[in-house]
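Got a structure here, written out as structure tokens. Questions coming.
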Amino acid sequence: MGAQLIQVDWAVVLIMLPLSAAMLGFLLPGMARNIGLLAALLILFTVVGLGWQLTQTGVYSHVAGGWLAPLGIQLHADGFSLLMLATSAIVGVAVSIYSTGYFKAADDQRFWPTWLLLWAALNALFLAADVFNLYVTLELLGLSAVTLASLTGSKDSVSAAMRYLLSTLLGSLAFLLGIGLLYHQYGSVDIAILSERVNDSTVSWAALGLITAGLALKTALFPFHFWLPPAHASAPAPVSALLSALVVKASFYILLRLWLGLFDFQQDSTVANMLGILGATAVLWGSIQALRQIRLKMLVAYSTVAQIGYLFLAFPLAQTGGNRVWYAVAYLMLSHALAKAAMFLVAGNMMLFGGHDRIVNLDRVVQRLPVTVAAFGLAGVSIMGLPPSGGFIAKWLLLEAALAQGHWGIAGIMMLGGILAAAYVFKVLGYAFIPSPVPHQAVSVPARMQWMALLLATLAIMAGFVAQPLMQLIGIGALFDSTGSMP
Amino acid sequence: MIWNNWIPLLVVLSSLLPGLVIFTLSEKQWRVRTFLNIFGAVAKLGLVGWMLWGVYHEQHFETRLALLPDLDLVLRAGPLALFFVSLSTLLWLVTTVYAIGYLEHSPHRSRFFGFFSLCVTATVGVALAGNLITFLLFYELLTLSTYPLIVHRGTEEARKAGQSYLTYTILGGALLLFGTVWLYSLVGTLEFTPRGFLSQVDAQHHPTLIIIFVLLIGGLGVKAALIPFNGWLPKAMVAPAPVSALLHAVAVVKAGAFGIIRVVYDVFGIDFAASLGVTAPLAWLAAATIIYGSLRALFQDDLKRRLAYSTISQVSYIALGVAIAGPLASIGGVVHLVHQGVMKITLFFCAGNLAETLGVHKISEMNGVGRRMPWTMAAFTIGAFGMIGAPPVAGFISKWYIGLGALEVDQGWVLLVLAGSSLLNAAYFLPILHAAWFRKPPEKWPHEHDFGRHETSLALLIPPLITASLALLAGVLAMLPFSPLEWAKLISVREFYTP
Amino acid sequence: MIAYLPPVLLILTVIWPLLLAIPLLNRYIQNAPMLALLPAVCLALYPGVIDYNVEWILLGSGIELNGNNRWILLVSVMIWASSALIDKSHGEGFTHSSNSSFYFLAMGGQLAAILSTDLIGFFSAASLMGYAFYGFLNSSIEQQYRRYWNLYLVFLVVADLALFEAMIMAVSATEITRFNVLRWIISDTQNAQIYVWMTVTGFALKAGIWPAHRWIIAAYTGTPLSVKILLFGVPLMTALFGLLKWLPNWDNSLSIPGSVIMLWGLMTAIYALIKLLQNRQRVLIPLWLIFLVSGVFLSVIGAGFVVTQDWSDYKSYFFISLSLGGFSITALIIYLTIGQNQQHLSAPFSSAGQTEDTTQAQQRENKVLTLLSANYLVTRLQYLQVAAFQLVDVTRQRAVNQLNKIMDEPGWTVAITFFMLFILIIVSLSL
């Protein structure tokens, strides 16, 4: 039994399952919700299978249809892919269950197929082994994300979605140009092959610039973050959770993979430092903006801008800091995805509950929605980077690297970012305790919506206790260990 | 004994698990809630008693779980750790009983007791932490779990107090984190070691170590209410009385003071710290805080605020005793950890009783309360005399050892500080006692509740009487084995100074 | 069994009155004050010396009965007993009123102080006695004297501080707290001078030596007889007894503080003499005698340091004379006061509450005696004192308001913080 299970191509299932479910959803709108839920649970199960497979046999590679690269579709799964797949699966399941309470039956047929399509694109992206497939999945992801963002059809959301669409297209275009250059120069799109061939040349540098810029735009790195807050804030809550937790991570995932696989020719480069500076600015700017917001969803969205900044802080640190930094980044991606998804779900609950999300008028939600507020608090702990939480582990590692190398600026920015994060999280929590001058009519919030938010937040906290086994899992395939040994 | 390795964890879990279950209970299930609370507290007390016996006979209790690839979550019950754990466990039990009585008819009790348990969990974790990162973890958990207790009343004032509390403590936590990470990147270990682990560090890093010391003490000083980081403490008085009691006697303020002891003795090592020249400024700072707190207390009319400033002053005795850097003074500082806790919790219980029974919040309303509530005020009197340092109450023992220790290392100025502080303490406590016992009671109390036969409900009355007796016994029976003083001496021999 | 009896008696003497301080007990027991004194009486009549170390009490304390403190104990028991008797026969009724707890606490404190063998034990017991006695008297003293009586509380605090410093000096230099050894060692130490100063200041305040004497006058004039007779027997006698026990061996290396002490005692005695000359009321004679006795006592102790001679052989006479003084003064008070109408007692100072006539009469009387310039000084000081109290009342209220306002501004807090730090650093550096 075990031997047979290990033979299963879990990775293929991971792509085909949401894709076919999406098709079914299109065809049978009435059943869309049930199909989606079933698919979500199956995906979670499949990821567990893939994880088990990876721990048993190491890195997984699969050539779809028997064609080899550059023509065929090649799948590749290592520890990092697994981490991202697992993150998507967990967040995906939670958001799916949440959505059954959030969307009315009429919205179901629009939401579920698109969401499953997005999930398929995500999984394919995390499993892709060549740059062209990365592009295709990225494009697919961007389009389905835009569709989801405009789901409500309100004026705000449509204009935000248009902005989102333009920037995502622009980013894809730059990315496409970059990989075009690479293919032209080195004659391959396979990452493994390219990584052997790419050398320090003008074309490489141009590709590096294009790809990095394109992906930075899609990841909403400061100052390319302009599209993110309106898009994330005006989308329906489950969609915001998906966009913030998973979609922006996908483009960063590509950037990281290419940076490590292809662009390791550049040592001590100014590009890395520049990314670091932009990241630092993002941390500060995002946090300050978050603090200034009067609406909860905008606050959470700006918080995403800040948290993405942390991811980029790793680039200057990694030049000499070695592998630990990338582990920290992977860990941060995981814990931020969980915590931020939880936060958006909380925002959705509060919006549903009071009909608005003005922070000062939260009106004792702590007594009326205790589970929801608890979720916000726990997610906030991880976002602030306070122990015990996944966010703490990640920031501890980053901070340690920064101090060990004498990067005082980065260390200072990280501390400052944490303090600002605490300020905006507790701004919300403080108002959650007190009565509002304008009491509002409360609408009851389904229990499953509350508990899903709490589940995600709790997982973000629990991530603080399983660092060691998780890092062993991430270490499968030794993507991060090119510069050093396993920590 | 393989079981010994799990007892520290069990001690932490014995309040964590009841706390988590309590969150899920509804308001009406008060029987279950009370049972869980008391059960957890008693179980913890039993485990701690077992460990006390074991540690006295040189057994080892250590739980070690992997946190990061090369950093462990360590819970270790050494003499110093147990000292603090015993204090918090004992007072938690007493405070729980008190809180059940105090909040009898108020809303949101499940939330309150849930966070209450979390708060104690964090305190016990802080006490048992075997390395700096474990300490940090529980220290931050403490910050977070206290916040909902401070804003519990849900008023705008409470929110502002909570905001102020967080502003201070989060900044403090950031300093502490910064110092910890820096220390780790410098020496690669954070394990608390008797007599410190830094004395072998290369001399060229000594300036860095000084900065790290400042960062760590700065971070801890926020909670320990050293000047100028103590603005949050008086504001946090909006919290219900049991919270204030726990905050001042056991949890937050004490965690800071305990952290200072840890950093000075078990991270730097007192001799090394003294050779770096960092203990003298700490002693000055503590001395200034002692005087400052007492001066401010003098001018407060609100009883709880006066007690809050008194805490600022009293907790700095611990830092002072530690920073004088002599064996006797260290005994005085460490033993004050327990003595101050027992005395201050008594005072807060009594203040709570006055507020709950008579609606008395201000000192100017306290005329003649001694006639109306003699037992409460008797407990208050013992606590107040302890704060002044009058024998035979426990506070005297602490002052005695700090003073002796200061003379031992030729720091005569400390005596002046002690005398000044005692004088000020007398100046702000004796008028209260005078008013309470000797002035005429008013015709009508602000908000009087009738509790039947006794002056107030028994759940409110017995806890302060217990703690007041403890304060008295800790002073009178200071030389008995397992008394706080004897245990502090044991700590000094085993952990602080080379015998 | 017999061997255990004496220590049990010792402990019981101290513990029993303290137990009776619990209101539940003393309220329902008939003749509680007499009952409380029972072990003490037995002890005082016990033939032979008892010394019992109680290592687990405080920082290792002990209690003893020897030839010296037996006299004091005896007199003290008599005074407490007669106070209780008078109280019962006159129906003044403090022993069953709400402040009876203070009464028993003070009694236990005094007995413990008399029997204690070491600094810390004595200190604890004496301060327990002091505060309890303050509380006890506070409820029986007449309203207009209460303000002066409050001075006693202030003196107690300051005295305890001084004694605390003295103790800590002694112990840090000698590591000894037991009186019988300490007396011989302390003279040779560096801090002996400070020790003596602190001890004398502390006990002088507690014993109401001039000029810290106002509270005795207030307590004497403002209380009923049963309380009045406790005045010398309890706080004063204990303080003078403590002084004898605490002061180091007479040694001419301490002649400077010795001569000051002598002078101080003489001043008090002279003050008492002047007052005696001025005195027109029989009942007030014991009051001035109290000052005379304590002044003479103090000056004799001081003389011991100045006149180089081995006085230690005569030590026990000090204790005997102290107890004799206590006994005779108390007896005199009872003799002079019984039968007198309390209403005829007039205050020795011209405060409110007196009729126009008596003030004028007293002024006339005073005029005769103003020939003595010292008396003039004394009355001037009294006026100043009254004026000062009023001034203090008004300014304190203003100052409190102002200070609170200023201190609540955040900038000030920081500024003051740093300023205080600065001072502390400078002071400690210069030390």
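Think of it as A, B and C in the order they're written, each chain with its own count starting at 1.
Note that in this section a residue touches a chain if its C-beta (ideal position, glycine included) is under 8 Å from a C-beta of that chain, and two chains touch if they have at least 3 such contacts.
A quick note: this is a predicted structure, and the numbers were derived from the prediction, not measured.
Asker: Examine which chains touch each other and state the graph shape they make (line, ring, star, complete, other).
Answerer: line
Asker: Report the chain whose mean Cα position is at the greatest distance from that of chain B.
Answerer: Comparing chain centres, A lies farthest from chain B.
Asker: Counting only Cα atoms for the centres, state how far chain A is from chain B in Å.
Answerer: One centre to the other, that is 42 Å.
Asker: Taking each chain's centre as the mean position of its Cα atoms, how many Å separate chain B from chain C?
Answerer: Taking the mean C-alpha position of each chain, the two centres sit 37 Å apart.
Asker: Report, in whole Å, the distance between the mean C-alpha point of chain A and the mean C-alpha point of chain C.
Answerer: So the centroids are 78 Å from each other.
Asker: Please name which positions on chain A make contact with chain B in the complex.
Answerer: The contact residues of chain A facing chain B are 364, 366-367, 370, 374, 377, 381, 384, 386-388, 392-393, 396-397, 399-400, 403-404, 411, 415, 418-419, 422-423, 426, 429-431, 433-435, 464-465, 467-468, 471, 487.
Asker: For chain C, which residues are in contact with chain B within the complex?
Answerer: Checking each residue of chain C against chain B gives 23, 55-60, 98, 120, 123-124, 127-128, 131, 135, 138-139, 150, 153, 157-158, 160-161, 164-165, 168-169, 171-172, 400, 403-404, 407, 410, 413-414, 416-418, 420-421, 424-425, 427-428, 431.
Asker: Please output the residues of chain B touching chain C within their complex, sorted ascending.
Answerer: For this pair, the touching residues of chain B are 227-228, 231, 280, 284-285, 287-288, 291-292, 296, 299, 371, 374, 385, 388-392, 396-397, 399-400, 403-404, 407-408, 411-413, 415-417, 419, 422-423, 426, 430, 434, 437-438, 475-480.
Asker: Quick one: which bits of chain B touch chain A in the complex? Just the residue numbers, please.
Answerer: 23, 65-70, 73, 107-108, 111, 133, 136-137, 140-141, 143-144, 147-148, 151-152, 154-156, 158-159, 162-163, 166-167, 170-171, 173-174, 177-178, 181-182, 184-185
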